[in-house]
Amino acid sequence: MKKVRPFSPNTADAPWLKSCLIAFAVLVVLVIVVLPFASVIVQAFSEGPSIYLTLLRSSDMQVAVLLSLKLAAIAVPLNAIFGILLVWGMTHTQLPCRRFIMALLDLPFSVSPVVVGLLFIMLLGKNAPLGGWLEEHGVQVIFAFPGLLLATIFVTLPFVARELLPLMEGQYRQEEEAARLLGAGWWRIFLKITLPEIKWGLLFSIILSLARALGEYGAVAVVSGNIRGKTNTLPLHIEALFNDYELTAANAAATLLALLGVITLTVRIVAELKKKRDSNEH
Amino acid sequence: MSSPDNSLTPHLTLGIGLTYVCLIVLVPMAALAIRMATVPFHDIVESLNSVRVISAFKLSFGLSLLAALANTLLGLPLAWVLARYTFPGRKVIDALIDMPFSLPTAVAGIALCGLYGPEGWLGTAFERIGVQIAYTPAGIFVAMLFVGLPFVVRTVQPIITNMDFSLEETGACLGASRWYVFRRVILPTLRPALLTGFSMAFARGVGEYGSVVFIAGNIPEVSEIVPLLIVSRLESYDFTGAGALSLVMLLASFVMLLLINMLQRRMAQ
Amino acid sequence: MRKVAPESENSWKKTDYGPNKGVLAVDKEKVRISPKHNLLSTDFNMRIFPLFLLLCVAVFAGDLLNVSYDPTRELYKEFNQAFEAHWAAIGNGKIHVDQSHGGSGKQARAVIDGLAADVVTLALGRDVDAIAQYAKLIPPDWEGRLPNHNSPYTSTIVFLVRQGNPKGIKDWDDLLKPNVKVITPNPKTSGGACWNYLAAYEWGRRHGGETAAVEFLRQLFKHVPVLDSGARGATLTFTKRNIGDVLLAWENEAFLSLKENPKRGFEIVYPSLSILAEPSVSIVDKNVDKKGTRKAAEEYLNFLYSQTGQTIAAKNFYRPSRPELVPAEYLEKFKQMEMIDIRTFGGWEKAYKDHFAEGALYDQISKK
């Protein structure tokens, strides 16, 4: 006779399947992600840890690190502020061309970084009308900080807005309406109702865009001009070190960037734990 | 849906946000369009119609399609494991998924080169079975696999986490096997996310430059990708050619986004 | 960050609003325009974020910018220090030279699009021509403003092979032996690769005429498994990644590989015929006039022809154009052999049109 199990619906996977899947996942991550990293780390330490001291003492390296940090420190908050404004506006008005805006926001994800660099050269390069005009007035955009900044902004543009859009969509409208009836201003509503709701999403997206801003290579390479100690960002400096036969130093610098990745990931894990605690308290 | 607010503030913020996005995204594209509009159409077609260009497009699109497919197949179980199971080290694996994202692509290229090159750990292993990865199209595939993986996992994982258990339970109560429930209940729910992840991995693969140029052989008609062709044309003063290729890449991105959007809408219905 | 001179650290706040009390020459340029125009970038940034000014100092504080090609990294590292000392010694005060390196074509392109180079020291006359032609930053008759066709140092193309020369490569025709893999950068983006290509073409032409030359090149490029975009990339592919049996390289790059890889062991093979590779240098007239750096830029290039400059070039494995100034010990390593030069091909303009332009010979032979 067939055994009936009416009250224990089988929504859990069989233990063997579970083990297999876990093993598979670990293997995939190991081969695709961990091994390349491990090779970088092994190379970096092939001459002992003193390479880090030498590296950090080099002025070109310091400039590169500072430049990358500055780019991220300006681009990411700008994108966050304008992203919040945009999404707030989109979710509080009825706009006919929403799909178009969404496609626009997705574009920086899907455009090749090389094309991004090319676009800015065509707009602001010396031989473009606008670029030529700026040049005449003594403003250098391409091959200088503003160009690097524009490229960084472009590639990190969608992160915050795309993450917040689903979070802010249609949520907490009743609370907002109530608050408005009670006479609360937009700013107050944003601070008291919207922000608490989106803060974790906002934090994650900021962390992701930070990582992307610091690591961007393709777009920045096209508009940088590669002046060492001036317009070389950290990724570009790593490439320069590699080309200078400083293989160990290049790998060591790369581990610094990877370390940054680890830091952002740690922040993320901590934030996730906190978020869980937050929602448990409610 | 609630009624629109008749206040000025949201319109204002929308306006500001939209202006910003347009300034950053649309204006440069318009610049490209305007510059290319001054070039006779014939010249544009001419610069695209060569075996070298066509094989570069085939290579870029074909390989990133393959890589995105592979990433979807690998990413789904990965996302499932991370979302559903608890096991020691889960958080670490979860965190590692984002690593390809934070490593500069050039460094990724150098790292992959070291790994799959003739003296690398995996390179020697593959060499023994007579397969060369670095400096062949297979190397390009490996690089695309590396940069695309987080996209699939990160779009699918939250959907699995937030999935409604009751449907699964109902299915199971009605006597459906786990496999049947997966195929009929879980997979359809995940399909839009899978599609998004696939398309993002695909788009990233098509445009990827930094990691690919290091590991690809860059031989015309064999292992030369479109972004490299753009760079090499730009560097040999062939402005029209570089612009034409960029235009095609941009259009391709646009069309793809549109298609995905439409597919998703149809699935949602 | 690079250390800024102490006075300038104190004065940058003043310079913020008072033009011409500049920090360094280039900063003045930036600051002077600020009070009136350019709301969007300079002025806005300075007032709203003082950080931006610091940044501008960091980004623009160079006095001279030398935009160069790939293998000259080590040469100019040494030469720039010597020049900075020399400039101070002849009573002109402090100067700092910034460097940018990359494939020669890419670098010329960057200057055309506005990279503010004071001097360019590129791999080919063609790339300087391009700056003159497309951006008109340099007069068209630049070649000849300095001795020796504007080449303070020259080099040639040699073969770098693995220790013991296991594949027995002696001359150009050996490159077509079965199972020989040849490494060269991409002639579309690398100056060195153009010299490689032209030397190979001439060898082919002398051994059977034009058709044979084309066929020789077609076969040669079938033996190339990787085309890097710059000479240094190709060298690293050969020496570090261990790909290929022979590297077609600048002589200086080949010598440097011997020096950098003492353990691996490489050997230089001189083919029966090679080409006199003449890297071209020039000041970028429009840029130096705008920045007011003409005097320093001219002195910089002249110093390349001085005894110090020539010796540094020879030490870094470049053939000095005035060997009589250089101690004999640095010259011994340069082997004499038969060399053609770019005039054989009718000058760069013609050579470029015939071989490297879109759809020209290189494009044809690289088709399957």
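Some notes on this structure:
The letters A, B and C name the chains in turn, as written, and every chain counts its residues from 1.
We adopt the following convention: a residue touches a chain if its C-beta (ideal position, glycine included) is under 8 Å from a C-beta of that chain, and two chains touch if they have at least 3 such contacts.
Everything numeric in this text was worked out from a predicted model, so none of it was measured.
If touching chains are joined by edges, the resulting network of the protein chains shown connects every chain directly with every other. Here the largest set of C-beta contact pairs joins the chains A-B.
Centre-to-centre separation between chain A and chain B, using Cα means, comes to 15 Å. Inter-chain centre distance (chain A to chain C, centres taken as mean C-alpha positions): 35 Å. Multi-chain contact residues of chain C, defined as those touching 2 or more other chains: 112, 134.
The set of chain A residues touching two or more other chains comprises 242. Across the assembly, chain B contributes 231, 234 as residues in contact with two or more other chains. Across the interface of their complex, chain C is touched by residues 47, 50-52, 113, 117-119, 134-135, 213, 217-221, 224, 228, 231-238, 241 of chain B. Chain B makes touch with chain A in their complex at residues 1-2, 4-5, 7, 9-18, 20-22, 24-29, 31-32, 35, 74, 77-78, 80-82, 84-85, 87, 89, 91, 93-108, 110-112, 114-115, 120-122, 145-146, 149, 165, 168-170, 172-173, 178, 181, 200, 203-204, 206-210, 226-227, 230-231, 234, 242-243, 246, 249-250, 253-254, 256-258, 261. Contacts from chain A toward chain C in the complex involve residues 59, 62-63, 66-67, 70, 121, 125-127, 131, 134-135, 137-146, 225-231, 240, 242-245, 247.
Residues 1-3, 29-30, 32-33, 37-38, 41-42, 51, 55-56, 58-62, 65, 67, 70, 73, 98-102, 110, 112-116, 134-135, 230, 232-233, 236, 240, 260 of chain C touch chain A in their complex.
Listing the residues of chain C that touch chain B in their complex gives 103, 105-106, 108-109, 112, 130, 134, 186, 188-189, 224-229, 241-243, 356, 358, 363, 366-368.
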